[in-house]
Structure formats: structure tokens, C-alpha cells
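As written, the chain order gives the labels A, B and C, with residue 1 at the start of each chain.
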């Protein structure tokens, strides 16, 4: 049958989903879009005089810094992620089994913490430069040392903690690639080196691009790191305009511009992926050859994998531990345990909650693959690229209005004050996390859904299963891994999340991230290290479990 | 099956939210939104609780975020009191119309009038001076005089300072606009930018450490960061502090730039009395001394005991500019710094 | 024998256009049927509608005596007792071979289930693979597993949607014969769709040709080949050429190759201009025949040669000659036509 007809079947296959699904999907999208719409609504407000000032003075440098930052992170995180993924999936070399999971560890390291840590070490007053000065008896100006607080420094920090996204997705792609195509390329006269560039890389491109887009969105949304490094990006610009000039309109307009830019990026990524769908390989499975490298090459491979792990995780970890030893007694008390518990529960709840709309939208898209649904889903997943504070305020505005109208209605009619029903609750915090991290869970859920072919639904039903049973007996077991991955990434992201938590959390409710931030922003790096270390410790366990799950999963499974 | 879950969450959320609303329905409680970090406010609050029996609930955060939150929460806000650092923010809270006046003889009698709002909307709780620090081995105090003097050519490539995103710098520039006019201030800012030893970045402590490391010779930071270095457990930080001298600028003129941390009772406070009690508690001499002790900030009241560290900084003449002006000039200050190329 | 599948006047619309157009057919119990047609002709949609994944716009479907779908009613797929083997096999990657085969018979007791799974795996000679996972099997093995998985619940009717399309040409006919054997051994009633006539002929008792949603002919494969009712069928099934001819009296027609007598497929006025279907096996090599033709091209196929011949009048026919009749291109050979049925179509 020709592809058009088959595609049509795909669409029709799932017609048996409850008809309310489309309505719920659109409703959920609408609710998730609420903060984004709130911000974008400012686009229609008249522009203030500050705009002229912005355009004349700083806007160009914001834009350029953001672009350079993105280019840098694309190269940095892209190279590290792809190279390590390729090496660990295709070759055998010393330490490979450890690297497979250990390379994910920097995921547990918040960017702002690694930035503080490296600044502490590499600053002019840090131990390294001090050692150089005292050993060689030099003054500050008499030797060259890279400035950590710079654009290059920021690129390095982001690349070091964000490459795992690329690694994660690229490795999954490499593992699932048919060995046949690689062998075919070798037989057509490509060296293994050029096979990688000619065949493996293009085949894995959608996965790499998807990983990069996550990394870039996080980069764009970051405030803490770039602000500390004095790199003015679009996001720092938003904050200056909002809080420095106290011009929420211009700030929202800047945010909306950022969103439009990000939306373009997402569409680009979608476009590249939907084209790549034609490249899907056969489902005939062969064990990957895992070529044994000759010793010199093997040790080179070990180094390539060790470096990002060393600088993205071990070095900052050791520094944190050293600081924590100094301050441990003061910092760890009963309250600290509560912080850890809060963080853990909050991240766990968010991981589950964020999965629900992702499933709803993922299935919605599968059942009703329409333009409308596509665009809705993409819009709803833009939260990942928007600074948490902006999202938080985008959420506060509509919910605050809702709370106030309920409050005054109840007051007039029943003389009862309800106060805030949504704002300042865990609910709104979870909602903010969902908006912010939907991109992550949605992407993973969609990847999982891709593994369940429509014919499997049909097949199971023709063998006597109802729709519900199909979900339970076919979908759930196949998608289990993806759902777990989605939950782990959201969990770790929420654990690290700061700005939205800071603005939205209820009374007497602190998290590890808040504690670490408060101390670090008060310039008490050593004191903040215990909390930072705890974030890493709580985040590390699911990351390791995740890595183990990925190592076990193979093509066709 | 899956469809029921959001409703379930909604239910859970409702239960959560009921919690918060029951809490403020009770009388002996005060709800605090604080931009002062938890570590710098919680011990005082606990003391307050012990002394008065009034419970407290606390959310900390960035000043601007909390301010916005109170603004959006409107009439339904649970916040009774808003604590923040920087007079600019206090002024902004005033103009956002989220504060209510507090009539208290205790506050009016203890806090000097230039450190509180003339309409009694906010009150300064501690003073923070932004002053010049220099490398003792490379600079003599005689070379220093005023903030204005920092733009002199002889400091070319020798000055470190934080980014213009930092509110302390914004307030300093705002005060200069007030004193010497926008035009002269902009000229001054250009001179200052030309004197930068490195791109602005990091925190105040980093600037002091850069002097210690020899990266630059002078800087402008809040004095309590220097106090922290002196009192540090880390011998390296103490050694750094020993290389650095403090210089009080503009002593023959208007005095050193001083900002405040402060607080105000919110317009829709549900427990205004408790909030007022808390304010009065915070200006008690013991509370004031605690600030000075823990964070090396200067008290706003005259009779508070000053710790040893602060005494070594010496007496100084403080700029008694009406602090409300800092908030009003904040935007102009920021735009001016943008134009001057101060990142 | 009773009917297992009856479709009456079945029409199916997808995305606003008619995909299946007034199809009526009957399949007897134990029969193996086949729908043959080019890509996009609507045969897969027809199958999916019988399985319950699409709804008819018009007409009805009965399985046994039970109505399972018409324009206003569609029984849920899982209730129909109609099994289906999919083009991409749709084996569940998370289940072992044994669990895949046992998937549709969970309602059996564990013992019965184990027996049935074992029996089916033995039927396809894969009993030792029960604990393996689908991706560890070869394509042909996966094929057979998909088949017995669908057979496991003993559906009233088994539908096969181009199940051999993933295989190479050599394997296809072989697999089709084997699957046909397995189905017959199990006493199953089955309907296969394919675009490959060898597969269809190797497989089925009864075959239909579908084009543009219409069932053109539904008969046994022999008739389909020798007595196509439609020019499309004649062209699609087997090789052959159309030679211009004129109808004479008394079951005779005149062509460039001589006058032929035989049973005409249509009764037409003498003198009508028609075209006669000439299959390669109708043209017999005969050195003594007065009809001579020049060999234009030849292809050696092992057991025989397929020659393309040109008659002096310009008519071209295909001729199948036994392997030992080895002639060169350009050579003139004698041929005669052996036609029992004269398959003619109006010009």
C-alpha cells in the first residue's frame, strides 16, 4: 500500500480512544499555556520609552551574547555528548562499563553551583592562581590565566552540566541503529571514521538535535550562572528591565520575544525529526560489535570519557566536599533533614504530576495527529526555555486574579474570606514545574510511544483485548522505560530548580536548592556547599538507576 | 483511569491550600515575606516568638519576586509584613501601593527620620554603608577622597566592581544623580568604566578577594562583606582582609553612601497588630545589636551596642539623603549605567 | 459446507474518499481465500474493516451467521473472533515468543494454554524458541510466530495482510506454501491480501482481483488465469498479450495467426473487432507449423525459454518453449496456438 494510505490507517487505528480525549488535550494545553499567554498578552500593550533605551544601548549585546552562548553550548555539549555516546556504544576500552552510567552524573549538578564552585577555584584569589603566584613568585599581572567569569566560562559551565542530555539521547539512538547500515557503509569503502560522519551521525541526528534543544533551552532560561559571570544575556536583560527599571511591560515583551525565538527553534527541531522518520532502520536486531580498540586508542577513548566526568562532576564534587567538611557541623541540623525531605517529596510529586499531561498530549497527538494538536503541544512545551521567575509571575497573575475573585465573591455572598486557594500552595508550585518541565517529559513519552506501533494495538485487540487492556498489557510494559526516564529527568530538574520555587513556595517551606542559593548569593560559598552536596546526593541515585536501565535496554526491547 | 488523576491532584492541592488559609485565620500569628535570607532573619523571628508568643510563618525570596507576589495576590494576600533590603525596593513597594501606614511612637522615636518613610509606610531596620576599599601595599589613603574621585585617570585598570545589575550599585548611582546631577554622574560612570581592571562580575566578596590577589587595587563594596572576611574561620580569608584597608569617602562633604534594609506592613495585612509588634521588636536595641553582631550591619537606633569589628572600621559621616529618592532615581541610574557601558 | 465470511455490497470510505466500492464475496469454512491487487487498491482497508478497525459506509459483513458490521453497527474488534496477521508482524517486543503466542489465549487454563502454545510452536518447528525474544529470531521465524499467535485462539476467520512482504522473492512462495499447509492442518479459514500472484496462487483456494476498490473477479485461481473476466484481471494475472482479432460465425475468430475455434468468453456479433488474450503457454513451438515468426528477444529461465515473437503482420506474442529448444535471436521458428477458451475483449 502506498505510504499515504498507510499513514491514514495509522490515524484511523486509534479512533477508538474516548472521544473526550481531544477535548481534554486541548483543555490541558490551554491551562498549561496560561502563563505563556499571560506574558505574551503584554506584546499588545503599548511599548514604553524604555524600549528605545534598550534597543539603543544593551539589546544588541543581549542578543549577541545569547547567540554566542548558544553556539558555544551547541559545540561544547554537542561534541562531548555525541563523542562519549559513540565511544561507549561502539567500542570496548578501559572503564567503559563505568562510563556508561557515570557520564550521566553531571546531570545532578546544578549549573549555578558548578559556576560558584569553579569561580571559587579558578578566580584570581582561588587556590590555583594563588599556587601559581606563590610557586613562581609572580604578581597577578605577570602571567596569563583564563578568566572564568566570562562568556567562555559560561559556555564551559553549561557544556559540562548539560552534555548528558545529548549523551542520553544520542546513545539511545546509536544503540538502536542497525549495525547493518554501518557495515554497509564500510563495505562501500568508508573508513570507520567516515562511516561515523556519513552514516551513524546523520542517522542519530534527530536524537542529538533533540538533546541539544533541551540543553539550549536550559541555557537560555538560566539566570543564576550568567548573572554571576557578568554575561548579559536576554534573560538577564528581562530581569534588569523588570526589576531594575521596574517596567514589567517591556520585560514581558522581551520574554515574549524570547519565546518566539524558542518556538522557532522547537519547530526547527520538529521539522528535522519528522523528516528523519523516513530513515528508520529495520527491526532486525544484531548485537553491536563493540570493537576492542588497540591499547593506545583505548586509553585515548578512556581519556575522552573521563574528562567531562572529571570536570563536570568529580572536581566540583570534591571542592564541595572540602567546603562541606569545614562547615558541616553548623549547617546540618534537624532543619536540614526537613529541607532534604521537602526537596525529595516535591521533586517526586512533580515527576509524577508532569507525566500526566505529557501522557495526555502524547496520546492525543497519536490519536488525532492534527496541526492544531501539534502546535498546541509545542507551545505548551516552551516553558523549558523561559526563565523560572517569568513563568512564576505568568502563573501568579491569572491564579491571583482567580483567587481574588473567589475571595471577594465569597465575602459578598457568605461573608467568608477564602484567602488564597491556589497561590502560595504546593499546587501552584507543582503546576509551575509542570509548565516548566513538560518539554522533558513530553519528549520522552513521545519517544516511548514511537515504539508502540499502531499495528500492535490492532493486533492485541484482534486477540480479544479491550482498549484498556491494550494500554495495560501492551503499552505500559513497552513504555515503562521511557516513563521512568521522563520521571527521573523531571525529578532531577525540579530538585535543581530555583527561581520558580523561590517566588511561588508556601510559608515555612524551603528546599535544598533554596538553602544553597540563599547562602551562595549571600556570598557564603562554603556554607552553601552542604545543601549543594545534598542536591547532588539526592539527584544522583535516580540518575544511576536511569543509567542502569538504559544500559540494559537494547534494540527492539 | 488516567483521567481521574488530575482531579485527585486538584483535591490534594485544595487540602494544601486550606492549610495555609486556616493558618492565617488564627489571630496570634504573623505572616512574613522576607527578602532577607532565612539565616539572617530566622533567629530573630524565633526570639520574637519566644518573647511575645506570636507564631510566625516565613517565605523568603528575591525582593522583586516577593513584591510582585504581594501585588498580584492583592486583597487575598496572606502576607502581613514585607521585609527587604535596599531602600529602592522599599520605595517601589510604596509606589506599588502594597503597604499601609503604621502609627507607632516606638518606631518614630527610635528610627531617625531620614531612615524611614515620611508617610510611615516603611521603616529602616539596619544600615549598610557602601564604601571604598583599597590594597594597603599599593594604595595610600591619601590618594583617595570621594566616590567622584574614582573616575580619575590614575585609577585606570585598577578598579574592580560588581555588575550594574546589582541593586547596591544602582542605589549608589541613584544617590549620585541626586547629589551631582545626571549629566555629571554619567560622565563619572564613563570614567569609572574606563578604570575597570576587569569585566564586572561576581559578588562583593569576590571584589575584595581580587584586591587580595592583586587583580585590582580599589573597589567599592558594602562594608559588612569586609567584616565577614575579618571574622572568617578560614585563615586565608583573614589574611586577605589584612591586606585591605577601608576608606570612608566624601567625609568632608555629604558623607558615605548608606542604604538600609527595612520592612513595612502590607496594605491587606490580616494581622496588622502582630506585624506592628514585630517591627517594634526589630528596632529593640538587642535586635539591632544582633544584626550588627551577625552581619556587621550598622544599627538604625542610637543606643544599640556595636561589636568590636564595626568599631575597628571607625566612625564615619553618613549621607543623610532621603532614601525614598533612591527608589525614584533607580531607573534613571540603570539607564545611565547602560549608556556608560557598565555591564 | 457453510459460509464463514460473507460481505454484501460493502463500501468503505476513508478521509472522504471511497476506498472499497461495493464488494460482495463469500468464503466457505476451511477455505483459504486471497485478494490480489496493486498497491493502494483498497484490499488492506477491506481486511481491516473485517477485523473491526474501520467501519463500513454501506453494506454488511457476516462471520458465520452473525452480523459483525454494517453501516450502523460495528462490533468491537476483540469480540469478533477474527484474527489478523499484520504486514509489520507487530510482535510484542517485551514478551517472549511463548508469551507472544499465548497472548490471545489468556482465558485458557495455564495447562491448556501451555499445550496450545507448544502445539503451535511445533507446527512451525520453533518449539525450542519459546523463551527467546522476537528480535532474536530471523525474519522468516518472526513471520511464523506472528501467524501462530493469531491462530492460537482458533479464530473463526484469520486475516493476513501482506505477511510475506518483508521477505525476499525466493522465500515468499515457499513461505506462502508452508503457511497454507499450516492453516490447512489447523483447519483454519483464512483470507490473505497480497500484490504477488505467485503468492496468491500458491496459497489460496479462491482468489479475487481488486482494483480501485472494486472486486473484479472472485473465482478459483485456474479460472482467474485462464478465463479473466476483465482486461485488468487479464493483465494483472500472468503474462500475455492482446492480439487484434475479428469475430466470425460459429465460435470462430480470425487473427493474424490464423483462424481459431473455441469457446468464446462473450457472444458477439460476427464481424466485431475484438482483442484476443494470448498467454505465453498458449503459443506452442511447432517446427511443422505453417505459422512462422521471428524471435525478437529471449530470456532463458532454466526450465524454459520465454521468447518474444514477431509475426510478419507485426503482431507480437510471448512463447514459452521448453529448455532444449534453443534458438537464436532473429531466427524464424514455427508456432501454433492452442487455445481452448478464446478470451476476447471488445476493442
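Just so we're on the same page, contacts are C-beta pairs under 8 Å (C-beta built on N, C-alpha and C of every residue); 3 or more make two chains touch, one makes a residue touch a chain.
Predicted, not measured: the structure shown is a model, and the values here were computed from it.
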Ordered by label, the neighbours common to subunit B and subunit C are A
Counting C-beta pairs in contact, pick out the pair of chains that comes out on top. A-B
Relative to subunit A, which chain's C-alpha centre is the most remote? C
Per the C-alpha centroid definition, the whole-Å distance linking subunit B and subunit C comes out as 86
List the centre-to-centre spacing of subunit A and subunit C in whole Å, with centres computed as mean CA coordinates. 53
For subunit A and subunit B, let me know how many angstrom lie between their CA-based centres, rounded off. 34
In the complex with subunit B, residue positions of subunit A that touch it: 20, 24, 28, 50, 53, 57-58, 119, 123-125, 129-130, 133, 139-141, 147, 149-150, 227-230, 232, 236, 239-240, 242-248, 326, 353, 356, 359-360, 389, 392-393, 396-397, 400-401, 403-404, 407-408, 417-428, 430, 468, 499, 502-510, 514-515, 518-519, 521-524, 526
Interface with subunit A, subunit C side, in the complex: residues 14-15, 19, 39-40, 44-45, 48, 51-54, 76-84, 86-90, 92-95, 103-104, 107, 133-136, 138-139, 149-150, 152-153, 155
In the complex, subunit B residues that touch subunit A: 1-3, 5-6, 9-10, 12-14, 16-17, 20-21, 23-25, 31, 37-40, 57-62, 64-66, 68-69, 72-78, 92, 163, 165, 167, 170, 198-206, 209-210, 212-215, 225, 228, 233-234, 240, 330-331, 334-335, 338-339, 343
Going by the contact rule at the top, pick out the subunit A residues touching subunit C in the complex. 1-2, 5, 8-9, 12-13, 16, 283-285, 451, 453, 455-456, 458-466, 473-474, 477-478, 554-557
